[in-house]
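Letters A, B, C and D name the chains as they come in the text, with residue numbers starting at 1 for each one.
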Amino acid sequence: MTAAMVLDVGLALLVVAVAVWIVAAGSAFAAVVGFVSFGLLLALAWARLAAVDVALTEAAIGSGVTGALLMTAASRLRPTESRSAGERPGAFLHVVAAVLAVLVSAGLAALVLIPASPAPSLAPAAAVHLPELDVLNPVTAVLMAYRAVDTLLEKIVLLLALIGVWSLAPDRFWGGAPGLWPRSRPDGELTLLARLLPPIGIVVGIYILWVGAIAPGGAFQGGAILAAMWLLIMIAGLRPVPEIHRQWLRLVLVVGPAVFLTVGFAGFFLPNGFLSYPAQFTKPLIIVIEVVLTLSIAAILGLLVAGPPERERQR
Amino acid sequence: MNAATLYGLCSAALVGLGLFGAIVHPQPLRKILAFNLLGGGVFLQFGVIARRGAAAGMGGDPVPQAMVITGIVVAFSATALAVTLLLRLYQVSGSATLSIETQSSSESDGGGR
Amino acid sequence: MAEFLIAAAGFVLAMVALGLARILRGPGDADRMMAAQLLGTGGIAALLLLAAGTDVPAAVDAALTLALLAAFVAVAFVNNAPRTDAAERRATDG
Amino acid sequence: MRVLFDSFTVLAVSAGAVFFLAGTVGLLRFPDSLSRLHALTKADNLGLGLVVLGLLPQATGPLVALKLITVWLLAQLAGAIVTQLVARAVRRENQEA
């Protein structure tokens, strides 16, 4: 038994233990704390599975940004917790749910234990065109070139989610600014953190975006870091939360998907189809798309956490 | 047993736990959490498939990995929308429950339908 | 060398897990807030050790991301936990 | 030279691990939140600091070394400030209880 094996067994057990905590915890806030830990441990597991790109995404979005979002919700919904305790389903439903869960788990475990042989893989196919694309990170190549249509649609999903969140605002607040945990009195420490951390964070975010071409990293991960830094500045009150009717804000939100779509449609006329890049411009086009996408992703993620408008529009 | 199989079993357990939590928890927020747990398990399953497909000098098959990255982002958008819906429900009805009895009683408190 | 670094990562993770078990039990939410801090630091250390031990240099970038996001999440904790507690107590008292 | 570097790494990383151990023992044994917070900061500052110090000789280039140091500085900065905020929350909880 090697050290790596012991580490893997321990990590897998720990992930399951934290998952049990999330389901069993007494209060929603405690469960959310468990969820943040869960995301962090999953990031370690992804690194062990040789998927550092995913580890970065999990650390940034899965644990960090989602954790912040759920924490807000848990603290706002705290008054409702004791009331819903009486709505716990009976023993019968518990047993049925447990049996169902065990069956599903057993089925998945069987799939894992009886692997297909040889294991299916698209890695060789992905490797063939990497030199042409001049993108050395295969995951970025898949996201930006081979399966670019998935990435484009995912941006649309992000935008739709934001529109959905905004439409839940009461009419009188339409066009106003999101609430985002307004603090009654700003602490000196928080202000200090919000002044010191974002400059470093922005450099790291841009670095993660830039390194995405040759090593794990890319638009999502960089965008999530930028979003977290923006949120930090707004939480500390150093910059106001923007009102959602602002033209510049809406421009930033759509510029990424819009450029991506334009390049995609241009593919009809220049090369040979939707979302195919002209051979000599592949690398520059991918870089341009990634840069604007990062900007849009950062803005959308930040505003999704900030929630629907909760203040009236200022004239 | 290699690392991929181990994490595969771990992901199977996560899916089961998430499913159980999503069914039995009365609070919608806990259901959302459990659903994210379930999603995490499914993503990990993709990771295992990717790891087993290691070839051509890559540590894993990049296609499932890229799909997981897309999946994580989409899961976040869905969570954000669900949480906002829930908060709005609480704002409007004064309760955050999916139970029909409690829902209708709080509606009649507020002046009926 | 690699074996030692991986073992060290496992040890740090085990320590963090023990601390986590204590912290999650509470009793107050302030204790739980420490969980983010503890696990953040432990996770960063484990990732850095793994990056060197298993020759995955990119894991250092993941640690960097974690360091930034852990700070952000900790701020989210502090902003959301105790203030509502106080508001709730006032509501039940008055 | 290699042996010297490697033994330095073993020494510093082990020392860091000891601080993580100390931090955890403190968390398990200390009776109140503020002392637990104190124990936590030991693991934070010295544990991570010594691990980073130990990994520096293993770094493959100046960029990696720079990133290692940045990680530690970030953890320091965030740790110091977040600890303050948590301590304040603990005091509020105590006052209200």
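The rule is simple: a contact is a pair of C-beta atoms (placed from the backbone, for glycine too) under 8 Å apart; a residue touches a chain by one contact, two chains touch by 3 or more.
Owing to the predicted nature of the structure, the values given are computational and were not obtained by experimental measurement.
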{"item": "Pair of chains whose C-beta contact count is the highest in the structure", "value": "A-B"}
{"item": "Chain A and chain C, separation of their C-alpha mean positions in angstrom", "value": "19"}
{"item": "Averaged-CA centre spacing for the pair chain D and chain A, given as whole angstrom", "value": "27"}
{"item": "Inter-centroid spacing, chain D versus chain B (mean Cα positions, whole Å)", "value": "32"}
{"item": "Shared-contact residues (touching 2 or more other chains) in chain D", "value": "70, 74, 77-78, 81-82, 85, 88"}
{"item": "Per-residue multi-chain contacts in chain C, two or more chains", "value": "4, 29, 33, 40, 57, 61, 64, 68, 70-71, 75, 78, 81"}
{"item": "Contacts with two or more other chains, residues of chain A listed in rising order", "value": "4, 48, 50, 65, 72, 74, 76, 190, 193, 197, 200, 204"}
{"item": "Contacting chain pairs - touch in the sense defined above", "value": "A-B, A-C, A-D, C-D"}
{"item": "Chain A residues touching chain B - in the complex, by the definition given at the top", "value": "4-5, 8-9, 12, 15-16, 19-20, 22-23, 28, 31-32, 35, 38-39, 42, 45-46, 48-51, 53-54, 57-58, 61-62, 65-66, 69-70, 72-74, 76-77, 80-81, 83-85, 87-89, 93-94, 97-98, 100-102, 104-106, 108-109, 111-113, 115, 119-124, 126-127, 138-139, 141-143, 146-147, 150-151, 154, 157-158, 160-162, 164-165, 168, 218, 220, 301, 304-305, 307-308"}
{"item": "Residues on chain B engaged by chain A in the complex (per definition of touch)", "value": "3-21, 23-27, 29-30, 32-34, 36-37, 40-41, 43-45, 47-63, 65-70, 72-81, 83-88, 90, 95-97, 99, 102"}
{"item": "Sites on chain A touched by chain C in the complex", "value": "2-4, 6-7, 10-11, 14, 17-18, 21, 25, 29-30, 33-34, 36-37, 40-41, 43-44, 47-48, 50, 52, 55-56, 59-60, 63-65, 67-68, 71-72, 74-76, 78-79, 181, 183, 190, 193, 197, 200-201, 204, 207-208, 211, 215-217, 221, 224-225, 228-229, 231-232, 235"}
{"item": "Chain A-facing residues of chain D, complex", "value": "70, 74, 77-78, 81-82, 84-85, 88"}
{"item": "Chain D partner contacts - residues on chain A that touch it in the complex", "value": "187, 189-190, 192-193, 196-197, 200, 204"}
